[in-house]
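Across the two complexes that follow, chain A remains constant while its partner is chain B and subsequently chain C.
And then the complex of A and B:
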């Protein structure tokens, strides 16, 4: 009887360190954010600190900055994930072909992924600079523009410019993930398709794409979460400006909590963001039927 | 069974000691501080104190290294550990340290941060230590008094080390080429902006700081223009929306994207200074601290600084956002040694060496008379203006809790809307005034009276 009890307890004891670790670094901070969301908490204004009920949520939902940031987040995530997937797929298809120097190009493709957000921001701030940026120089020489454009300061071009910078950094993730999945596909199917006279496009649409579905769903979901939470590049390139045109929800949280010490309000935005992401993830997984084929 | 019982007791004791260790009372801390300081002094042990610098760069790191060596040589019983903090993260590092009770013994702060730290009970009042310090009269009264008067309890929580006087920097070559006189007032500056703009050759009359820090800088410009020295009227209402300020902001916003680069809207200080130093902007408004950079890039004699501009009331007003200060944190176990170090840094020799190297204006009166100050024109003009009895000093409402956050969170972003014409100068300044009046009332009720 005693031996049986020991056997039952052993697995729990073995996973206890991991559970404690996750509890300390994930569960506790998460609970703290939920707790702070219902507090007025600003260390520099201790006289106002204390329980405030749902005041933070009411303030968030009744001010324009939240909806504006949500809209920017939506544009940011959809354009980033969509474009990165398309370009990543193109790069993966090219790198899946046999050609000389393929190993070198595969390695080079991964380089932007290894770049830090701040370094990427420095590179692109030089490229997009109004006065000495290389982009304006090229466009002027080609006769496309007559006057220099302030890519990162013009409210019409700023979001597109930051999207391009992040796109450059994000393509390798899709390219490498899709390439790895492509290499795991059986060549027999492709040979059969060739025998049946399928064109390259038909092969891609009817064979490659369906077989990559699970990888596409997983990578787009992961990337959606990462892009939604992404701050580094936007923070370094524009700081969320001008006039909030690049202020995503994550930027808004960073500004509230880190710059102005408004931890209660910032935590409340985090809680709303958490639920938005959770709902989107569940709907996306359900709608895409992720993992169903493998279960069957 | 016995083993289990002993284990449980030990765990209980350990747990209680951990919990009790987290919450020692203020009286305990004071007692520990005195005991630690006294025992270190009595035993002749070397005391180590930690010093945080709020503006890490290679020049300052090297400079502080040199100064600390001199101090340690003069005070063999004290060792100083220097920790440079990146400028843009320094405030949040201090805030986190205060919350987690891991503050250094002392550090470089800005006067406009002090009240945020004071309300968190993080700083040590220095009045008692100053009373027995024989060099205290060397400090510029204007700033030292302002530090004392602006604290909620009227105590001194910092020693003024450096003062950052705002200035309009102008490029002499561009002015000569445009055949334009050096302006002496803001109206003349606005006229000169148009004359010195030469877009075809990539030269703009002015580069505006439209990004981080924009509203704080513009606040200085507006008060310098109007000559108003009081931030609040007798009823406690903010004076920021005075008609003169509205008029000035209106005129200034119209310069944007006509006589300034479009990218100015996101400019922080670095980009603005770069525009001036690269010769693409004839003028910028920035404090005297960028003198070294202009000297190194444009060369001495190729630029000048307008420190003492005439206001529309025909007065000379320096609008200050306070001094750079040296503060001692309450958690220090060695307050006497720490005060010795920070006060030493503000004494003639150290303050002079420090400010000469970084091209700033010292807050030590003796240092202001040094030869290097006389030789460097912008610093000399600043020093002369500070020592001139006719110069009025208007200090921004940096003591009002929430002032800094208001600028960071709301005013800087809204300033961009003014530049783009989405918000009028009147609307912007009315909102600003209303928020400042509210914050001042809150400060008086919750902080000062308390």
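And then the complex of A and C:
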């Protein structure tokens, strides 16, 4: 009897530390965010603190800041995920062939995967700088621009510049995921296509792409969530400026936490972005028919 | 034949080389900048190789800016975090592969789902919690956060590795009179070494690069980790660009070294059902 009880308890004891960490540091504070969203919570003005109903939500939905950030988030996520998918696919298709130097090129191409957002921001701030940045120098030599451009201070170029920096860091994730999926595909079907005289493009359109569908849906979904939530790089490169041109919803939340003291308001924005993300994820999974054809 | 060669050039080598230039250029440029004097960096014309390579930027970043401290702080925080992560991940992985228990599916779902919680959202509530515990400004707060945020991915990864260790070996050891604990220590752990190193490397990169919480929690420059040191150099009035580039190179050393080890596991590791960016 003693022994039986012990075997039943063991797995729970084994997962206990993990449950405690995740429960105390992720789940509990997450619940608190939902609670704070309905509170006035400002440490510099504690006399105003307390329950405030849906005031925070009303304030968010009636000021322009939120809608502007939502639009930036949309542009940011769509361009990041789209570009990373295209370039990641190209890299994966090339690295899936066998040729001399493949291992070397694979290592080189994937290296930005290990870099942090801050580090990427520093690397690209040296490139984008208006006065001594190398990008202006190259573009002038090529005759593409005549005057130096302040890539990160100009409200027209800033988002594109930040997108390029994040793209640098983001290609490997797609390339790695797609490459892994491609390596799992059976070679027979490609042999058959070759015998039937398919061109490379036909093979890609009619065989590779459909077989990779679930991987593509999953990686784009994961990446959408990841990019929607990402803050490090934008925070270090532009701080969300100029004039809010790179302030995504997550940047808005982080700025509320790091610089201003309006925690209730910030929490309410968090709650709204949660729902947006959840709705997007559900629609995407339904619309793409993920997992319907195969039993993954 | 000539036709085929041309196809290969256009479909393989041109895009591959273009993408590699895009990937390697920022790193080359930081290295280039880090060996130039400030006059050369800011002056015209822009030079693509330093005229007179100097190493004083590295000395400046390491000694005066404080990267010597930041580096040690980052190592300390990352290593302690990784030890906790690996131990907890082995426990979880073992429970998930060797036992059937109620709530196992829920727990697996939890490990997947919590990876989507954005760090930015938790900044304020965690800051408040750590403040009441008088842990704001300490490395301990950072370690706790690092461990928690790396755990879900590392547990799933470790589970995959433990699945690869045959149960039969453990059973044989137990028949020979080993206890379960002895079985784990003498049979499972030795066979798990490559898995442990891989999980540790993933976790170490994650901890080393952690930025947002360190930014929120640390206010004493003596306590800064490498990413915060880098960020602070950027924001400074009158940025010292040579030293900043050197700081970036210093920050790169550990992740790139770990990547060099990890890259052969990347393709299998990241597709093991884990979702890490």
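The working rule: the second predicted complex is superposed on the first by the 273 of 296 C-alpha atoms of A that agree within 3 Å, B and C clash if a C-alpha of one lies under 4 Å from a C-alpha of the other, contacts with A are read in each partner's own complex, and residues count from 1 in each chain.
We adopt the following convention: a residue touches a chain if its C-beta (ideal position, glycine included) is under 8 Å from a C-beta of that chain, and two chains touch if they have at least 3 such contacts.
For clarity, every value in this text was computed on a predicted model and none was experimentally measured.
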Partners on chain A (chain B, chain C) - clash or fit: clash
Which of chain B and chain C A:22 touches, first, second, both or neither: second
First, second, both or neither for A:222, with chain B first and chain C second: second
Which superposed partner A:46 touches (first chain B, second chain C, both, neither): first
If touched residues of chain A are counted for chain B and for chain C, the larger one: C
Which superposed partner A:131 touches (first chain B, second chain C, both, neither): both
Chain B versus chain C as contact partner of A:258, first or second or both or neither: both
Contacts of A:241 with chain B and chain C, given as first, second, both or neither: first
Chain B and chain C contact sites that coincide on chain A, given as residue numbers: 131, 256, 258
In the complex with chain A, residue positions of chain B that touch it: 92, 95, 98-99, 116, 119-120, 202, 210-212, 261-266, 268, 275, 278, 280, 401-402, 405, 408-409, 413, 416-417, 420, 422, 446-447, 450
Chain A residues within the chain B interface of the complex: 42-48, 129-131, 149-150, 152-155, 238-239, 241-244, 255-256, 258-262
Contacting residues of chain C [partner chain A, same complex]: 11-12, 15-16, 19-20, 22-27, 29-30, 33, 41-43, 45-46, 88-89, 91-92, 94-96, 98-99, 101, 104, 107, 110-111, 114, 116-129, 144-145, 147-149, 151-152, 155, 205, 208-209, 211-212, 215-216, 227, 230-231, 233-234, 241, 244-245, 247-248, 251-252, 255-256, 258-260, 262-263, 266-268, 270-271, 275, 277
Contacting residues of chain A [partner chain C, same complex]: 8, 10-12, 14-15, 17-19, 21-22, 24-30, 32-33, 36, 87, 90-91, 94, 97, 99, 105-127, 131-132, 134, 137, 168, 170-171, 173, 176-177, 179-181, 183, 200, 222-223, 225-226, 228-232, 235-236, 250, 253-254, 256-258, 263, 266-267, 270, 273-274, 277
